[in-house]
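Chain nomenclature is as follows: A, B, C, D, E, F, G, H, I, J, K and L, assigned in order of appearance, with residue numbering initiated at 1 for each chain independently.
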Amino acid sequence: MSEHDDLVGDYIVVKALENGVNIIGLTRGRDTKFHHSEKLDKGEIMIAQFTQHTSAIKIRGRAEVLTKHGNLRSDEE
Amino acid sequence: MSEHDDLVGDYIVVKALENGVNIIGLTRGRDTKFHHSEKLDKGEIMIAQFTQHTSAIKIRGRAEVLTKHGNLRSDEE
Amino acid sequence: MSEHDDLVGDYIVVKALENGVNIIGLTRGRDTKFHHSEKLDKGEIMIAQFTQHTSAIKIRGRAEVLTKHGNLRSDEE
Amino acid sequence: MSEHDDLVGDYIVVKALENGVNIIGLTRGRDTKFHHSEKLDKGEIMIAQFTQHTSAIKIRGRAEVLTKHGNLRSDEE
Amino acid sequence: MSEHDDLVGDYIVVKALENGVNIIGLTRGRDTKFHHSEKLDKGEIMIAQFTQHTSAIKIRGRAEVLTKHGNLRSDEE
Amino acid sequence: MSEHDDLVGDYIVVKALENGVNIIGLTRGRDTKFHHSEKLDKGEIMIAQFTQHTSAIKIRGRAEVLTKHGNLRSDEE
Amino acid sequence: MSEHDDLVGDYIVVKALENGVNIIGLTRGRDTKFHHSEKLDKGEIMIAQFTQHTSAIKIRGRAEVLTKHGNLRSDEE
Amino acid sequence: MSEHDDLVGDYIVVKALENGVNIIGLTRGRDTKFHHSEKLDKGEIMIAQFTQHTSAIKIRGRAEVLTKHGNLRSDEE
Amino acid sequence: MSEHDDLVGDYIVVKALENGVNIIGLTRGRDTKFHHSEKLDKGEIMIAQFTQHTSAIKIRGRAEVLTKHGNLRSDEE
Amino acid sequence: MSEHDDLVGDYIVVKALENGVNIIGLTRGRDTKFHHSEKLDKGEIMIAQFTQHTSAIKIRGRAEVLTKHGNLRSDEE
Amino acid sequence: MSEHDDLVGDYIVVKALENGVNIIGLTRGRDTKFHHSEKLDKGEIMIAQFTQHTSAIKIRGRAEVLTKHGNLRSDEE
Amino acid sequence: MSEHDDLVGDYIVVKALENGVNIIGLTRGRDTKFHHSEKLDKGEIMIAQFTQHTSAIKIRGRAEVLTKHGNLRSDEE
């Protein structure tokens, strides 16, 4: 495993706007499956990188999301 | 498999504006076939990289899409 | 096959403005032939990379196209 | 054949403004000959890379052309 | 272990706006678990890098967070 | 022959403003001779790269020329 | 040990706004522990790099902090 | 001979403003001698790269010259 | 020892605003100790690089400090 | 001899504003001597690279000089 | 000794505003000692690189100093 | 000796504003001594690179000096 690869991976920033926001990592490779789910309570922030094991990230619940292509909100509205 | 390759791949950001938005990964290589389909409910966000296995991504249903060439909406209008 | 090559390839973004928009991949190499055609219905978005097998992309039907040289519309007008 | 080389090649964008626009690939190497001609109907878009086999591209008929040095129209006027 | 990798890793800046702010490092790798938690008192600042062992950082409690994608506040409001 | 070299070569864009515009490739190497001449009719566009065989390009006849140092017109005025 | 790694590491700038400001280096690696604490008196400036041994820096007491993501003050207010 | 070297060499653009403009390539190496002279008629454009054999270019006669350091005119005035 | 490493290291600029300004180099490595102290008189300027032996620099006394993150003054006020 | 080195060398642009302008190449190496002198007549332009043999260029007589640090005139005034 | 290292080292520009300005090179390495002192008379300019032997530069006397972090004056005021 | 090193070295531009301006190259290495002095007459321009043998350049007499950190005049005023 090359450490360099992990360290240059881009990251996103997620701020939960309600309790129970889920940040779900999907596996890289032929099969795309959930491999980790992190729960955030209201007001918590998570900064998550793409890694050797994560090629997609799914966000459920009301949250503010910062990415290199801009910012947006995940919510019902 | 080189991890570096996976990690520098660009990503897109998709926010579902209705239930049942599909984000479909198409296989890289001679044959271009569906290899994974992820369903988003209204308000969910998915951040997806191009990978060793995905060279095209198709989005069905009403969604907001952020890419390096700009943002646009997939919907009927 | 080097994965790196695939992953750094640029991509274009296509949004269908009517049913039956075709995104056609033309083969790289001495012979330039159709190798894949993807049909989009109205409002669908496809994000497609140049790959080891695709050196040209043709778009038929009304669509909005985002590229690094700017955006334009494919349509009759 | 190195895939990397193909994938980093720049591309141009051509939108046909009339039926029968020709996008003609000229061979790389000592001899510069036509090796492929692609016909576009009015409103169609083609995105074409320089490749291992193509070092010049000729456009015949009314079209809008997007390049890294700017955009221009091929037509009689 | 390559030192270079550690040193080029990006960092975030966190300023606690109340006592007891937690900055939690999540492990890189197949399993994503807590591996370190640092407590900040009101007014303290922590500057933390992604490392060989940390691929995600979680912030609990009222804090100001500076990242390359912008700044935001983790709090109840 | 390295393909990479060909593919990163810069290109110029030429639009013929009259019939019979000539785009002439001059050979690279100790001897600088004509090795190819391409004729454009009025309104045609040619996008031409510097290659392994071409280190200078000469344009005869009225044309619009786009280069990285700016644009200019070749004509009598 | 590669010197290059140390030398390209980013640095932060800290100016103490009161006596007894602490700049605390936390160890890189599996265990994140204090490995050095530097005390600054009012008006003193310290410029500190991330190093082979330091992956996080904690600042206690009133100080002005300059980082690549912006500047901020550590204090009670 | 490395092709890469030739292809990344910068180029200049020369437009003749009168008949008989000379673009003269001077040899690279210990001896700096004329190795090629190209004559342009009024209105003709030449785009010329520095090459393995050319380290200096001399322009005689009225011409418009585009370079990376700016544009200027060679003429009597 | 690689010279390159030393030479690409960033530098800071310090101008003493009173007699007896101290610029103190702290050692790189597990132990962070003073390894050199340079005294500046009023009006003197010192330009100092991070080196193989210096990973932190401390400034005591009234001085103007120029860094890549901005400029600031070390003094009592 | 590496061709690459010669080709990436920067260049300057000199336009003679009177007859008999001299562009003098000084040798690289321990001894700095004249190795070539090129005479320009009024209105002539010369574009000259630094090369394996030239590390300094001297301009005598009235001329306009374009460099990456700006433009200036060599003349009596 | 690698020449490349020396040549890419940054430089500073110093203009003496009085006679007897000293530009003092301090040695790189464990010991930081004076290794060279250059005296400038009023109006003289010196452009000095960091080198294999110089990791810090001290300026005594009234001078104008140009660096990549900005310009400043060393003097009594 | 690597030619590349010499060719990528930065350069400065000096224009003499009086007769007898001296551009003095100081040797690189442990000993910093004069190794070459070039005299410019009023109005002459010299463009000089840092080289394998030159790590500092001193300018005596009234001159205009262009560097990457800005321009300045060496003179009595």
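Following the convention adopted for this analysis, contacts are C-beta pairs under 8 Å (C-beta built on N, C-alpha and C of every residue); 3 or more make two chains touch, one makes a residue touch a chain.
Quantities reported herein were computed from a predicted structural model and do not represent experimental measurements.
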Open item on the list: To test your reading of the model: what rotation angle superimposes chain E on chain K by C-alpha positions, in degrees to the nearest 5?
Closed with: 90
Open item on the list: Using mean CA coordinates as chain centres, what's the gap between chain B and chain I in Å?
Closed with: 49
- [ ] Measure off the straight-line distance from the CA centroid of chain G to the CA centroid of chain I, and report it in whole Å.
- [x] 15
TODO: Could you please state the distance in Å, as a whole number, between where the Cα atoms of chain E are centred and where those of chain F are centred?
DONE: 55
- [ ] Would you mind listing the residues of chain A that make contact with two or more other chains?
- [x] 2, 4, 6, 8-9, 12, 51-52, 67
Open item on the list: Using the definition of touching given at the top, classify the network of chains in this structure as line, ring, star, complete or other.
Closed with: ring
Open item on the list: Considering touches as defined, can you lay out the ring of chains in sequence, from chain D by way of chain F?
Closed with: D, F, H, J, L, K, I, G, E, A, B, C
TODO: Using the touch rule from the top, collect the residues of chain H that touch chain F in their complex.
DONE: 2-4, 6-9, 11-13, 15, 25, 35-36, 38, 40-49, 51-53, 64, 66-68, 71
- [ ] Enumerate the contact residues on chain B facing chain C in the complex.
- [x] 1-2, 4-6, 8-10, 12, 26, 28-32, 50-52, 55-60, 62-63, 65, 67, 69-70, 72, 74-77
